[in-house]
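As written, the chains take the letters A, B, C and D, and residue 1 is the first residue of each chain.
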Amino acid sequence: MSTQTDTLWGGALEKIKLWARVNSPWAIHYNSGSCNGCDIEIVATLTPRYDLERFGIKLKGSPRHADVLICTGPVTRQSRDRLKRIYEQMPDPKFVVAVGSCATSGGAFQGCYNVVGHIDEVIPVNAYIPGCPPRPEAIIDGVVKLLTSLQAPPKSEK
Amino acid sequence: MKFGTMLRDIWGSVFKKPATQRYPFERLEAPDQFRGTLHWTPGKCNGCCLCMKDCPSNAIELITIDKKNKQFVMRYHADRCTYCAQCVRNCRLECLGMAHDEWESAGLKREDFVVNYGTEADIATLLAKHSPTDAGEPTASGAGPGGGSTATP
Amino acid sequence: MRALINLLFFPGGLFLIVLALAYEYADRKLIARFENRIGPRWFQTLADIVKLLVKEEITPATAHPVLFGVLPVVAMSGALTAALYVPLLGFRPALSFPGDLVVTLYLLSLLTMSIGMAGWNSTSRFTMVGATRSLTQLFSYEAPFMLALLGPAVVARSWQISEIVATNKGVWILLTQPFGFLVALIGLMGKLEMPPFDAPKAETEIVAGALTEYSGRGLGLFHLGKEIELLVGLTLIASLYMGGIANPLEFFVKTLVLLGILCTFHSILTRLRIDQTVGLWWRYGAVVVLAQWLVLIVWKGIVA
Amino acid sequence: MSTEIALQQAEQLLSTFAKGTAKPEANRLDVTIEGSDLTAAATALQKAHWGYLSALTGVDLGPEEGAIEALYHFCEGAAITTFRVRIPRIGGALPSLQTLYPNAMFYERELLEMFGVTVTGLADTSHLFLPDGWPDGVYPLLKDANAQAAAERASASEPPEMGRQGDKFIVPIGPQHPALKEPGHFEFGVDGELVTSAKVRLGYVHRGIERATQERNYVQNLYLVERVCGICSHSHANAYALAVEKLAGVQVTPRAQAIREMVACLERIHSHLLWLGVAAHEAGFETLFMYSWRDREVIMDLLERWTGNRVNYSANVLGGVKFDVSPEIAAEIRKGMDTIDERTRHYLHVTMDDTSFLQRSRGIGTISQAEADHLGVVGPVARASGVRRDIRTEAPYGGYAQFPVKIVVDAAGDLAARFKVRMEEIFESTRVIRAILDGLPEGELTVKMPRRIPAGEAISRFEAPRGELFYYVKSNGTDMPERVKIRTPSICNWISVLVKAVGSQLADVPPLLAGIDPCFSCNDRMITINRPGRGGQVLTWEDLRRQAASHTRR
């Protein structure tokens, strides 16, 4: 009997946790070698025309406050450590979105000597948004797809 | 001393409709010029590979099944594409085009971005030739029916 | 038993938290509308807090772990306790004694002190600069703010909030002491580190100031503490300067009007540098309030 | 001073040092100089106030020749004087011009890193672009260097961050900045709130584009250089196209030139509005940020409708442009320009009249005209200090001869003046766009370009939104360039931040950084992402922690 209520409570708690997580994804943005194009489009999604705050997304400065790491650009050698470090500094549960063709595959910068590769060669990525740069709408679409995928399984762990 | 030069803006906005578009609840079309996902129409292509040659990011692979019968499969890496449309310009036979309404291409798996264009038979030949576990070879590739189909990433 | 209910549900604890979240929502929504965008959904602030509370908490290796954990609780409880002394919703305060105004003001400062200590304890260079700025700012606005709030007390010759409100019943002190009102309102903005007084957490300079190292629960509690402080501050100013609060309707109207004024200031001003903040308070704020005190005392001495 | 007179003067000044002179183009003078005469020759130019050091290009002539050529490009108006200095490929050395031209520091460090040329007298020889832990003796721009393999070996670990230096407290701002070489990691030593020292480390976004251009064909490179910087994508592509067209001897039609100029003007407006928002955000004026970005969307919409992409328009092809101006789009652009004019007038009022804003911008980071001249700053930063430096008016290229712009200058030199100059350039741009729409020349859009570009070298200078953009392209007759040198405007302007930051308030540093608009969309990001890691902290903050611990114990 008591175990049953426990699971009931546990289930409800999980649901609440998930609900809060999906509805309040605070983001941090890191540019590991991008050309700026994707970055301005990410900033544009915060501005009145697109307004990501509708989904509860706030761009935070400190990785400690963030749930979602938005990455742009291929990873250069100098910024690889920094990217890893930022990822490690984020508290669990955390998600990574790679924005732009360079972030998903290296794009036009494949084969440049100072480029390590794309984001998921360094840290795990949860969602990819190709485009050069993707339209702000496409970025919103990607974020929504990520959030939807979190909701899909009843208990999502990382 | 002058303060509040934006006072009228802010209070005006309170009584105006916000500038925000309601995407994704209301979808607004991209303009016709927009360079979205690349498409390839088989049949016309003669395999000159000019599209491949000038692609700044290796997004296009033109795989020859049978050169004489003009049987090709184009493997398109949407994740690499820089959407510059140089390939479209280079193609004199107008096999290539960029869809202006395909820009919601975000995905959760990188493999989904690789698309094979071509007739169903050609894609099947290609897949048979290479083992399906081939790196970067998606299971979703041959998904679309008929020629010029997209496996929507 | 009654005290427990007071503390946990009404007017303390749960009720207060819900109300504070509602006010934060109003704040954010209004700012969003000022910026011509839609802004957050109605449950946004709740989702933020719940998410922060269930998120992993990382304690920096260099920080004192106990202090790191305790400070948010101290901050939060300070704000919660302060709320017991003010006439929330127009009801009689849960606790009241002669001199509670001073206690309330000190309890409100507890939050800033905790933030300063938290920043110092986290020993990252950003939290350090943030903590220094927080405390510098505290010392600059605290005295004028306090003097401004004591203005109505002088008129009523009492240090007890309910007494002051009762004595000045129906009188809008903001008409007789407009400078005090202005200083109190702007002091509240300084207290809450609202723009343009957000130098202590200026994102573009020092990331998130003193709270940079906090994640999860600690951040959530600080955040909540701040929202409660906003509520308490608004109630205090409304009841002291705007003729008291008689019923819930009056409470909402008056505090929301005040919130609207705060948001307007927030939106039309550029962030002050910390030296400019200090200069502003000591050069203008304190002088203006002191001058007003002088006038009050002289006037009181002659008339009464 | 007309171009010919300037070149004559330069020839005269340099006559004692010249081992040979050549005039590859009407506005260029090439002077061959010995390495030992370099300082004296540069001093002669400096003393006569002949121009400024615009760029320093290193060219590897290959192992057979066994030499490297260092090209010092000095510009005065449209005139370009180039010092050609040959040095041995291995063990070559050059004297530093740092004291004469402060900017030379960046160029020389680049020469050192990329070609292994020893520069004597250089104060700081640490890595500027290449990652920390880059193996010694590998210089990526040498032809036979296997940079890829060397890079694999590079242990890309950052050095431990400095928390304290003596009594100073180091606040880092950085480490990334998005353009080719413009990412900066700054370390500011602070005493309380006062900045006492400044240091810059670039290279977080160094991708090796210059090397990559040598391995791609001319067409691919057009799109690669477009991605040097997403905000001035058109400027880069256009400057590159101009240089390659010059090499190929192709004359682009007036219509294509006009369209290019129009895109450049639209880009300038979008860039300046973007900058306005970011600078306001840095100073802590969120409302202005939101509004300016909202109105910027007008331009972004126009660009997307017209070119098909919001950021990387890909308007250029070698030999022309991709698309035409239809009557519908022309009408829309006109309408958009009216909106922009009206809103910009309002923002000019806000930035120039609002006391609360002015107290963060007036008198901050003031650069006098003489100082700006000496530091060699370019673009709006220079113009805000009264230096009349604008390639569009000094050396009109492309359509600017037919549709000229008026130069906007201001004498004040502070942050507020930079706001004013940029806002007024928006008006100028809308005016030019209208003029072009009124008088759009008829003609073809493209001219046939050869795939193989004849051997030779070409320089193109382009006024990007941030200032002078410098391209040097050397061709060897194949379909791949032998050398492409890109000197972005921001690298000229970093020095002004370093100089001006010292002695200012920490809170003024972000607006100061913003003031030069270093391809700026991400400058706030570049500050925010930079948090000291816990690992590094334990080490470097040891004594600070001890101090803190003893403090609490007491």
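One rule holds in what follows: contacts are C-beta pairs under 8 Å (C-beta built on N, C-alpha and C of every residue); 3 or more make two chains touch, one makes a residue touch a chain.
Please read all numbers here as calculations on a predicted model, not as lab measurements.
Peer 1: Max contacts between which two chains?
Peer 2: Chains A-D share more contact pairs than any other pair.
Peer 1: If you average the Cα atoms per chain, which one ends up farthest from chain A?
Peer 2: Centroid comparison gives C as the farthest chain from chain A.
Peer 1: Compute the distance, rounded to whole Å, between the mean C-alpha positions of chain A and chain C.
Peer 2: Chain A and chain C have C-alpha centres separated by 34 Å.
Peer 1: Averaged over CA atoms, how far is the centre of chain A from the centre of chain B? Could you give it in whole Å?
Peer 2: 22
Peer 1: Could you put a whole-Å number on the gap between the CA centroids of chain C and chain D?
Peer 2: That pair's centroid distance is 46 Å.
Peer 1: In chain C, which residues are in touch with two or more of the other chains?
Peer 2: 32, 34-39, 203, 207, 212, 267-269
Peer 1: Among the residues of chain A, which ones contact at least 2 other chains?
Peer 2: Chain A, residues with two or more chain partners: 47-49, 51, 54, 60-62, 64, 89, 107-108, 132, 135.
Peer 1: Residues touching two or more other chains, restricted to chain D: which are they?
Peer 2: Only 223-224, 227, 287, 290-291, 294, 297, 304, 309, 312, 354, 356-357, 527-528, 531, 534 qualify.
Peer 1: Touch graph across the chains, line, ring, star, complete or other?
Peer 2: Looks like everything touches everything, fully connected.
Peer 1: What residues of chain D sit close enough to touch chain A in their complex?
Peer 2: 130-132, 140, 147-148, 150-151, 154, 156-158, 175-179, 183, 203-209, 211-212, 215, 223-224, 227-231, 233, 274, 277, 289-291, 293-294, 297, 300, 304, 309-312, 519, 521-522, 525-529, 531, 533-535
Peer 1: Along chain B, where are the residues that touch chain A in the complex?
Peer 2: Going by the criterion above, the answer is residues 18-21, 23-24, 28, 30, 56-58, 77-84, 103-110, 113, 153.
Peer 1: List the residues on chain D that touch chain B in their complex, please.
Peer 2: 216-217, 219-224, 226-227, 287-288, 291, 294, 297, 304-309, 312, 314, 317, 322-323, 346, 349-350, 353-357
Peer 1: Using the touch rule from the top, collect the residues of chain A that touch chain C in their complex.
Peer 2: Residues 16-17, 19-21, 23-24, 26, 47-48, 51, 53-54, 56, 60-62, 64-65, 67, 89-93 of chain A touch chain C in their complex.
Peer 1: What residues of chain B sit close enough to touch chain C in their complex?
Peer 2: Residue positions touching the partner: 3-7, 9-11, 13-14, 16, 18-20.
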